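Read through the structures below before going on.
Same chain, two partners: chain A is paired with chain B first, then with chain C.
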Partner chain A sequence: MHGQNYEEFILGVSGFLTAYYVFIAIMNAVAALYLWQSGRAKPLFRFPIVGFMVSTAHIWVIVTAIFLMLGAGATNGGASVLSLSTSTRDLIDSWMNPITYSLGTLGILSVVFVARKFFVKPIVAWSLLNLSLLFMGLSMTDMEFAAIVMKPDNVPIVAMIYLLGYFTWLGAYRAVQNDERIARGEQPLESLDNEKVLVWPDLVYTELICMIVVTAILLLWGVGLMAPLEEPASTVQTPNPSKAPWYFLGLQEMLVYYDPWMAGVVLPSLIVGGLMAIPFIDFNPKGNGYYTIAERKFAYCTFQFGFLVLWVTLIVMGTFLRGPNWNFFGFYETWDQHKVQALNNVDLSQYFWVNLLQMGRPKAPDGSSTAMTVVYIAVRESPGILLLLFYFVGGPPAMVIYNKFFRQLFLRMGFMRYMVLSNLILLMGLLPLKMVARWVVNLKYFISIPEYFLNF
Partner chain B sequence: MPSLDEIIRGSQIWKSIFRHPAPVDRRNRVVVMLTNFFLHLHPVSVKKQGIALSYTWCMGGVTFFLFLVETVTGVLLMFYYRPTLEWAYNDILALRDVTSLGVLREIHRWGAHAMVITVWLHMYRVFLTGSYKPPREFNWVLGVILLLLTLLLSFTGYLLPWDQLAIWAITVGSNMARATPFLGHEGPGAALLTVDGIDMITNASDARFGLLGARFVGEETLNRFYVLHCVAIPLGAALLIAIHFWRIRKDGGISGPL
Partner chain C sequence: MSVEEVLAACRQQDGGGGGAVPEPPAPAAQAAPPPEPTAAASKPAASAAKPAASGKKPGAMSVADMLAAARGEVSDDAAAPKPAGKKPAAKPAAKTKAAAPAAEAKQPVGPKDTMSILAAARGAAKPGPISKAEAAARAKESPAPKKEKPTAPPMPAKPDYAKVAPAPAVDQAERRGFLVACAAIFAGTFFVTSSLAIGFSSLAVTSLLWVLGTARFMFPNILAEPPTVFTVGFPDEYAPGQVVTKFKAQFGVWIVRYEYEGQAQIYALESVCTHLGCTPNWLDGEQKFKCPCHGTGYYKDGINFEGPAPRPLERFAIRVADDGQLEVDKSRKFKEEVGQWADLASYVSV
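== the complex of A and B ==
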């Protein structure tokens, strides 16, 4: 935020932070009350001497008190103390780059997936929620962080992250329960409520309440946060960064790795086509109508990889971490217009002809016919062309031959379905593969034919 | 002495609108679902698990409700907004400063963001419960088209305030169409489409031109996006939502364990 000094900024944000911490405190108080009232509070340990039994409900009471104190502390500019130290923030920024961010997210999600039995426990999930809210609160006193998170059009994305977190938890929580039940030979939870009820009142009233809640949220949101309106449109002043609407920022992020015809046309079409194909390639009859992970692990992981990792993670990066010139900036880093990042990416053909064979790239002699030029281009790009042919033609059979799981899939799915599935997976894999190739060897294009706008 | 409630419910006017007594007993709770236009979308009775919030998250329903909110607030916004270079920005400015009902634009904008999020969550839930499996394959396909329409609705609407945010977001978003294979003038293969040495695909005839109605985001684009945003896409979405709902019932209601 320019033209605003830190004291003014802190005063401005402290009112929000007080409300924020009090809100979290209330949240925890409600949780404690619920646990206590419903008798679901689990005893943890007995206090020595007094013999007082400490339960989970008491933990959340203590957490409530802590957040209340934070809320009180945040009033009247006291918020500046309630922040991460400058050195911590610098450390986080210095660690963050596209590689650590992408691989870190993937790593965290993988750990959560593998240890899902632990992470779906309400007490664990609730603690993580509290920690992330605390982290947000402490970060909000940083001007750079606040500026980007509070941008009106970015607020929904913050909401989306929490909603996705919540619903991913809810789905996994139910799935883990169901998987345990099925392993014991019982029916999934969804079978228990098999009795029929009348739509009036059971469903109609739920719908009514949902409508009222949504209306209330929209009204509060509308009153509390003004819709953005910037300077009138001007075709000569290009803002930097220029960003697409947030839900397309995953695609804009792909532009770092692929040319527009891939990132903007081919990949989106494949996402839509691939989504539509799901019911026809997932032939597993299990897991229809109830939450489960164990019975459809492959489908679950593939979808989550596409949705949470490749779609949502890239959107979050494109929104919060990409600044001027689409350079990467850490959470607390100033969006410096003049930050330069060395771009020394190299085409595969360059690697092959120049670095490996120590000769120039093949080039048609001046004045050759179009056909001749095309032949020369084909020879020049042959390493990439062969590599991709090998990937797409060799990939599907190789998966069948070398992998037991895909062999079984192939046998049960039949040729057509298997080819659609394997090609979709290989296409989806192109993005992470290119990302890794870029990070590791600065690869620019597998195939680079700028003559025909065909860079791949 | 009849109570006010009884007088109203007993009146000829009331009875002409609602063709049945209050849904207080089982019989009339069935009848209300069958005779009320708005309620007849629903079945009369459902499995309890099919309507559990922990199962459906109510996200399809919320998406639909947001679609309705957007329709109503959108129509109201149309009263105040003229899609021309001269007026677009000023009308939006006036909406903020002059017009009563000042939160109209806010609700429309935040509702649009929310709808994108809820439609994703809805898809997420349908996936996690495997509800796209037979016999609901086709409804999933319809859903994917609805998802696309939701994004396009939001995208076309983004341009209308005609501020810096709007035109540059749309410029960045639509620039990609320039590179459409064969159909974009900077796309691979476009150079092949030449007749007698004349390029068929130029920046005045390619996919991007078709989208924008011009070579850059300008007045024609504003008009084109306005029509798409206010008429074409909502009509398409409304039709598909109707089929989507009809298919839910024809496919045997909300999914559940067999």
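== the complex of A and C ==
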């Protein structure tokens, strides 16, 4: 991709874009055909004069035609026209920073969750899919965007985003259906379809087909995308940017905000341990064997927050928005090695002693004993230690006292389970809190004891 | 008919009837199926006892009372009607005492324990049950009860077909030779020449050769690594404020002429990020070291100021050698956070 001028790049990308748009057109055509043939097309409105009834199938036929025209336009040298305007791209870039990205994602997901009855409608979800694909297509004519998205490493991540969207939609769609049925006093859909099936042929055939499909995809993937090999490894030369495997990008992002032993050892262990503790914490029999959100709001939100916001969002951010020197770059921004980001991280103890109290940080006099040094360090870091103690010791009872929901949880779960749950939730909440604190006030560590490799 | 129903029927009968004559169940008890008479009503003795009990207690009789009464009636004796629940277990004991010798009748009447019941069953000296205190006393008197040792029947002889053929003498020698072989190996002697000794000896020799080979591997003839002590030119080759990156590729070190705490110095910074060990790059335009992995930034003096690294870069020892050149010693490191940068070996004053 690099080393090309824009004309060469457009020429190369137009062939891809044509196939891309035609693929979307075929997708919509199949959807329209399916709706029409199965009789599931919903009538939308009637043309006033002609009296022609427009249904969803007609809409998708029109969309098919639009994408076909886009494909035809792309192949005839119109790819450079079929792109977002420079001002739009600059606007998106200027709006992109860690805060807007993370909080924006959280906000969008919250809106989707609250208005899930609207967003899970097939027509809405399908429209959103089409819009996102169109956005991708229009963005592909940007060199920087294409360079990131078409990097062999990153293609599977793009596929993963769509797969994840599909499965999240599927779960929410069925949950919304079940919730409506339960509200009407009916049984969930899954309990109607509890007929037993045989291992042979039902399960084995399914597995065989899955095996063949996965093998085919892997073959195509291996043939189509070159292995992302780089220059020989060297102990004195680190690639810039140096990125973890995609599934660890969330971890790498965490490492930006925490000490290595914290983000690399303690927090991952807590993630694993917390997942293992779920059967111990969650003994609610509701939702066993059927999709539901309304009956399991807390569990659903906690999981989706931990997974979608704290893991997937960070993977996407690490893949597409982190560039050289681990700086933050917008979708269309050039990866400039020398981008200057004014970051001057300050420890909490520095904020407290120097900025607030206008005095030096407590420092043990030269030649004092080890015990005395430790005491001085404890005094120096007391603001952070007290803050975290307050958070972790005061948090669980405060939640019980001030929140009705947690009070009920406490009464139902008992002391031990509640403490495990509340501490895990507080720990999970500390990550975004720390990230926001880093972005907003350049906070480095709550507790910073580099003398003993203890930073939090 | 469940137990509850039976008990309810009994209670109803006793509380409601109150008559001295055994009579059919009270009206309330008729809910129970008639062909199954209650356990209490079916026993004439029980019905005889109950009026007495109910006469004292007009209210409902407790289950304990009823059970005590039933227990008492078995002995068909006048002691039964006395208020139950006080010492239900004492009654049968008192009963048997009448038959027991007079001396033992003085024994305090206590709760029967398992020991005494067993002793009674054994019937050694005293046929009747004894109290706990008595049992304890007796246990002291005769500490060792005679016990006949059970004699097991003699073992049947091993049939001929099950007998193992006597092992040849060579095998026995070999078997015993194991210990000898082990001893031989440890002693380093090879006088015992059995196959086992040879096998274990060669195993030991091979292991020893492996260990020696590994030890030899640790000290190669040619060391591909650059030397840990090397010279980096004369001090006056360095301009003030200059960061020399040409030694990074070979030695992993930056030579910097700058100042630290107001003092002009030349020092050697290790080009390893203190966060997770990536190699930062010197960005001349921004005058900082920047790590590509997580974005840590260091000032020219090596102090971390942005990103996650918890502490400053580390210095190597540097000195002016005898020939006037700067000499870096990578075997010694100096950490700022523990105040080692004040060490004279960590810099060269200019």
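Here, the second predicted complex is superposed on the first by the 453 of 456 C-alpha atoms of A that agree within 3 Å, B and C clash if a C-alpha of one lies under 4 Å from a C-alpha of the other, contacts with A are read in each partner's own complex, and residues count from 1 in each chain.
Here is the rule we use: contacts are C-beta pairs under 8 Å (C-beta built on N, C-alpha and C of every residue); 3 or more make two chains touch, one makes a residue touch a chain.
Nothing here was measured: the structure is a model prediction, and the numbers come from that model.
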| item | value |
| --- | --- |
| Which superposed partner A:Thr238 touches (first chain B, second chain C, both, neither) | both |
| Chain B versus chain C as contact partner of A:Ala159, first or second or both or neither | first |
| Chain B versus chain C as contact partner of A:Asn194, first or second or both or neither | first |
| Winner by number of chain A residues touched, once chain B and chain C are compared | B |
| First (chain B), second (chain C), both or neither touched by A:Pro324 | second |
| Chain B versus chain C as contact partner of A:Gln252, first or second or both or neither | both |
| Which of chain B and chain C A:Val340 touches, first, second, both or neither | second |
| First, second, both or neither for A:Val266, with chain B first and chain C second | first |
| Which of chain B and chain C A:Ser448 touches, first, second, both or neither | second |
| Touching partner for A:Met211 - first (chain B), second (chain C), both, neither | first |
| Touching both chain C and chain B, counted on chain A across the two superposed complexes | 234-235, 237-239, 242, 252, 259-260, 263-264, 453 |
| Complex interface listing, chain C residues touching chain A | 248-250, 252, 271, 275-276, 278-281, 283, 285-286, 290-295, 297, 305-308, 310-311, 337-338 |
| Chain A to chain B touching residues, read off their complex | 153, 156, 159-160, 163-164, 167-168, 170-171, 174-175, 187-188, 190-204, 206-207, 210-211, 214-215, 217-219, 221-223, 225-235, 237-239, 242-245, 247-248, 251-252, 259-261, 263-266, 272, 275-276, 278-280, 282, 284-292, 296, 299-300, 303, 307, 449, 452-454 |
| Chain A-touching residues of chain B, taken from the complex the two chains share | 23, 26, 29-30, 32-33, 39, 42-49, 51-55, 57-58, 61-62, 65-66, 69, 89, 92-93, 96, 103, 105-107, 109-111, 113-114, 116-117, 120-121, 123-125, 127-134, 136-137, 140-141, 144, 147-148, 151, 154-155, 158, 161-169, 171-173, 175-181, 184, 186-191, 216-218, 255-258 |
| Touching residues on chain A, where the partner in the complex is chain C | 234-242, 252, 255-260, 263-264, 324-327, 337-338, 340-341, 343-345, 444-445, 448, 450-451, 453, 455 |
